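Consider the two complexes below, in which subunit A is the common component and subunit B and subunit C are the respective partners.
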Partner chain A sequence: MTTIDAKELDFTKLNDRIRETAGDLEIVNCLGQRFIADGQSGRTITIQGVPGNALGAYLNGADIVVNGNAQDAVGDTMNDGSIVIHGNIGDAAGYAMRGGTIYVKGNAGYRAGIHMKAYKEKVPALVIGGGAGSFLGEYQAGGIIIVLGLTGKKIVGNFPGTGMHGGKMILRSDCKDVRFDKGVTVSPASAEDLEAVSSYLKEYCRLFNEDYEALMNAPFTIVTPDSSNPYKQMYVAN
Partner chain B sequence: MGIEFLYPEFEVVRNDARCIRCRVCERQCANEVHTYDEEGHVILSDDAKCVNCQRCVSLCPTRALKIVKSDCTFRENANWQPDTIREIYKQANSGGVLLSSMGNPKPLPVYWDKILINASQVTNPSIDPLREPMETRVFLGKKPGVMERDENGNLKTELPPQLELSMPVMFSAMSYGSISYNAHASLARASKELGIYYNTGEGGLHEDFYVYGPNTIVQVASGRFGVHKEYLEAGAAVEIKMGQGAKPGIGGHLPGTKIVGDVSRTRMIPEGSDAISPAPHHDIYSIEDLRQLVYSLKEATEYKKPIIVKVAAVHNIAAIASGVARSGADIIAIDGFRGGTGAAPTRIRDNVGIPIELALAVVDKRLRDEGIRNNVSLVVGGSIRSAADVVKAVALGADACYIATAAVLALGCHLCRTCQTGKCNWGIATQRPELVKRLNPDIGSERLVNLMTAWNHEIKELMGGMGINSIEALRGNRLMLRGVGLTEKELEILGISHAGE
Partner chain C sequence: MEKEGQIRIPSGCAIAAVISKEGRRMTGESITEAMKPMHDRSNGLGGGFAGYGIYPKYKDLYALHFFFNNRDTRKACEAMLKEDFEVVQSEIIPTRTIKEITDKPIIWRYFVSPLSSRMSALQIDEKEFVVRCAMKINSTVKDAYVFSCGKNMGTFKAVGFPEDVGRFYQLDEYEGYSWTAHGRYPTNTPGWWGGAHPFTLLDYSIVHNGEISSYDANRRFIEMFGYKCTLQTDTEVITYIFDYLLRRQGLSLEEAASVVAAPFWSTIAGRDAETAKKLSYLRTVYSSLLITGPFSIVLGFDGGLMALNDRLKLRSMVTGEKDDLVFIASEEAAIRVMAQDAVNIQAPAGGEPFIVRVKEGKY
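Entry: the complex of A and B
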């Protein structure tokens, strides 16, 4: 395994160095450098510190572990691979991701999982251990968003699922105090619903040392879109 | 019928003496206007369904058909025009937002038509392009401020990535989904043959067209459809779509009915699901955020490809372009308010945005004034209709033009403006296999090559007339332009003198 000391490297230099190396990699002293591991595949990249925005954008199969917090646009338009954040995460995590998984131990900012997609066997998943900010899964077109509410922060802010037209959200809460958009169906998650996502929940527990039984001992809510053609009725040909 | 009735806009006129009952028209019209009546041995037509696409007219072997505008109209009223009245009826009937296609058809000023080009007389003689070399090749991308050479005269300065065009015209973004496979095939092949570029639009790149990658601009829009590492690597440049001239400020929406088969696979969304491109990029709220997307794309493509940022021409375009030029973008594409579209709300298409001529003039000036003009190339689109428009655009400061409506006209489009129905009889804006196959990519690409070759000749001829033998010497050369019938203010914005001055 190669180690890169990111101290005093700006993002262009750091990312050049990352591209020059092959195989598994550790980055130490990371402090806000952007675009780390953009488009990378076939390797594990472990980051000590706080990577900057757009970590793992267009990620194409690499596995990223961050021992710290991460900032905005993690896994933007990610295609495959995994990102594990042992901390909190900024805004727009997993924007338009179309494959792979993102696990966040703590909270997520605004607009997590916005416009996530899915196609056939490619179903991305975003698992947030704490609470999520407003506009969670806005325009969600596919994939799975799971929020566990383990940090005591409110499960989700305002307007989750606005414009949602595919995929699903599983929220570990009865969601009584959450205001959803009118275009989604909100109901208590059934045993089958939970069974369908149990692999993600177990993986979360494994990654962050949570107790699965205790995790499951709570009400869950499932959110799905009413229609995959939300704008269908709005137009008249002219 | 009754209160909801709208008299058909067009009448199908069949010359019965010429009609041989071959039923070609019946087979050719996807709108099912024509039907054969066995008993009477006549062809009947339902005018109400006709959109005046001229397909049956063009294919009728005996020239028996013509389509005419109906003269059954409302009582004349200069304020309440028939279109306005019809739109009100449609909305009162349905409660829907009016949806249209192609560019703004309203009689708003076309500044190209009020600008005239200079020619040499007596002094500074003109050049005959048939005898003398003329250079229409352009390079798009950031130009370095200084060029350094080593002692052997070799270039030391590392050039930022450039797009090389054989002539200052490219095919602008039309997504696979909004247009057909054969339309994309025609554009891709023609671009390769011509040494220019076409643009995927926001629907991803069909796997069959990766071979045309060196002549392809791949687009990244807010919906991020079909965007992944290989896609970004396949293109010669990456275009971030921030806006579109036909519908500034709103996103795109390809109805689920067009998301079938390959389109669904290329976009990577399920069949029948709407493809929604939200109005904004949800991670871009500032020039700094735009810079982040620009650099994330540069990082993902290892700084080997120019990044284009496409914006719609709107009121503050000069300030916007100045910001974009500082975002790290290599090329700015500006789309004027007459730009075409596969579908846009009528009110937005017809009322939002500004003419490209004015936008271009102010952007070029602003970037020059700020000393950053060479940081970016400028590409303009939004109804470039001819070689003369191209020459005028270059003289106003553009590096190159984007065309799309002119390109689809070459492919057979008759501007019936019903792309949104998905029933394009010419096989362009449709995904129905039986219609798509009407557009033969061999013929389509040849017609595009013909059009561009002709324009290139005309560009050279116009340049030669001015005594200019390279497009570089024409760029921003506003002395070559004069306005006619324009106000002081318009001339001031365009930065040109009035004819006679």
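Entry: the complex of A and C
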């Protein structure tokens, strides 16, 4: 495995160095450099420190592990691969992702999973261990968003599912104190609903040493859009 | 080229701040370093800092920081100042000559005390007097600009990247109990020394990342109360809004935050009756001071800091702590520069003010 010391490297130099290397890689002393591992495939990149915005954007199959917190727009438009954050994540996590998985041990900021999408076998998943900020799954068009509420932070802030028109959200809560957008259907998750996402839940437990049985011993809520076109005629006939 | 204030171009930016709750004074070195990992949020057209508690020797005097384009203007301005103030100290603000910062104007500071005869003639208090003098100079004297006019605090700003601006002003030689910083990426105006952040009025200073869409609505309202927006930049109007709400209207910081980042009516409806009544009142009375569009700001004031995001939280901002220090920044990386082992890294929700004060009697 190659190691790159990112101290004093700006984002251009660091990303040049990353692309000059092949195989598994560890980046140490990372501090805010943007665009790390963008578009990468076929390798594992482990980061010590705080990576900058747009980590793993357009990711195309590589696996990224961050031993700490991540900033904004992680996995923007990622296509395949995995991103595992052993900490919290900033705003707009998984922005428009179209494939692959993101696992966050802790909390997520605003707009997690904004405009995630899916097509045929490409079904992205974003799993958040703690609570999510407002506008969770804004304009969600496909894929799966799971929020587990394990950190004590409120499961989700205001306006979840605004403009949602595809995919689903699974929240580990009865969501009695959550006000959802009127364009979505909110109901208790059935055994089948949970079975359908059990592989993600088990993977979360494996990655972060949580007990699966204990995790499942709680109410879950599933959120889906009312129709594929909930804003029909809101602005123009469409 | 048309100068700032004469042209409007339709910002990414970087902000950071640190404060010691114990009033422990620190040099400007750490806050300057903190701007480095956020370098790419700015484009070199503006950087600046505000330090609080930096002028203990003159703490009861107003510190007026000026940009002058030429010596004659400075002389003329000095004559004007002497009509209104006792000028206790007059000096050049020391700077380092570095290749990154060029075209510097004459940068001067005066430590002054308003003449009581002038204030009593106008029947206004000291702060209002200083505000009126600053507004008068900035709107009527060509080639002179007051960019800082508080007590025991000062703003330092220039065209350049913030980490260079900090070196240029020798901030390692000042000690303050709190600092704010800004890296600018101007999008509406060309970028001039006076237009860099922080924008300051009395001890209120604002650093701002964002692009407010309510600028003209806010400006029209605030100009009715004697404020003059001379630069067409949205941050200037935010500074005046806080001066108006806090100093002149006597609102608390929380109330002022509820005016500029008012909760949605649907959110207000979900609050308890008394809170809903108060929030509705503030939204209704000060509707023209609602700031829309993306912003994250840090308001510096005597003895504290307040960070605030727009209610939709369209800009990033995180906070952290380490012992007596509290940090605020656009990115966690900046906080890690100031304290690698900072704890309690949080992102305040949109519209929720994050307020830190120095312990009473410690500043």
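One rule holds for everything that comes next: the second predicted complex is superposed on the first by the 232 of 238 C-alpha atoms of A that agree within 3 Å, B and C clash if a C-alpha of one lies under 4 Å from a C-alpha of the other, contacts with A are read in each partner's own complex, and residues count from 1 in each chain.
Convention: a contact is a pair of C-beta atoms (placed from the backbone, for glycine too) under 8 Å apart; a residue touches a chain by one contact, two chains touch by 3 or more.
Computed from a predicted model, the values in this text were never measured in an experiment.
Engineer: Once chain A of both complexes is superposed, is A:53 in touch with subunit B (first), subunit C (second), both, or neither?
Structural biologist: After superposing on A, A:53 lies in contact with both subunit B and subunit C.
Engineer: Now for A:90: first (subunit B), second (subunit C), both, or neither, which partner does it touch?
Structural biologist: After superposition on chain A, A:90 lies in contact with subunit C alone.
Engineer: Go through the superposed model and pick first if A:72 touches only subunit B, second if only subunit C, both, or neither.
Structural biologist: Touch status of A:72: both partners.
Engineer: Using the touch criterion from the header, give the chain among subunit B and subunit C with more contacted residues in subunit A.
Structural biologist: B
Engineer: Once the structures are superposed on A, label A:179 by its partner contacts, choosing first (subunit B), second (subunit C), both or neither.
Structural biologist: After superposing on A, A:179 lies in contact with subunit C but is clear of subunit B.
Engineer: Determine, under the contact definition given at the top, whether A:32 touches first (subunit B), second (subunit C), both, or neither.
Structural biologist: Second partner only, subunit C.
Engineer: Can A:158 be said to touch subunit B (first), subunit C (second), both, or neither?
Structural biologist: Only subunit C; A:158 stays clear of subunit B.
Engineer: If you stack the two complexes on chain A, which partner ends up touching A:109: first (subunit B), second (subunit C), both, or neither?
Structural biologist: The answer is second: A:109 touches subunit C but not subunit B.
Engineer: Touching subunit B in one complex and subunit C in the other: list those residues of subunit A.
Structural biologist: On subunit A, the residues that contact subunit B in one structure and subunit C in the other are 11, 34, 53, 72, 91, 135.
Engineer: Where on subunit C does subunit A make contact in their complex?
Structural biologist: It is residues 37-40, 266-267, 270, 312-313, 316, 318, 331-334, 336-337, 345, 347, 349-350 of subunit C that touch subunit A.
Engineer: Spell out the residues on subunit B that touch subunit A in their complex, using ranges where they run on.
Structural biologist: 87, 90-91, 93-100, 220, 222-225, 227-229, 232, 253, 255-256, 264-265, 268-270, 272-274, 276, 278, 282-283, 292, 295-296, 299-300, 302, 345-346, 418, 420-421
Engineer: Which residues of subunit A touch subunit C in their complex?
Structural biologist: 10-11, 31-34, 49-50, 52-53, 69, 71-72, 88, 90-91, 109-110, 133-135, 157-158, 179
Engineer: List the residues on subunit A that touch subunit B in their complex, please.
Structural biologist: Listed in rising order, the residues of subunit A that touch subunit B are 11, 15, 19, 34-35, 38-39, 41, 53-54, 57-58, 60, 72-73, 76-77, 79, 91-92, 95-96, 98, 111, 114-115, 117-119, 122, 135, 138-139, 141-142, 163, 165-166, 228-238.
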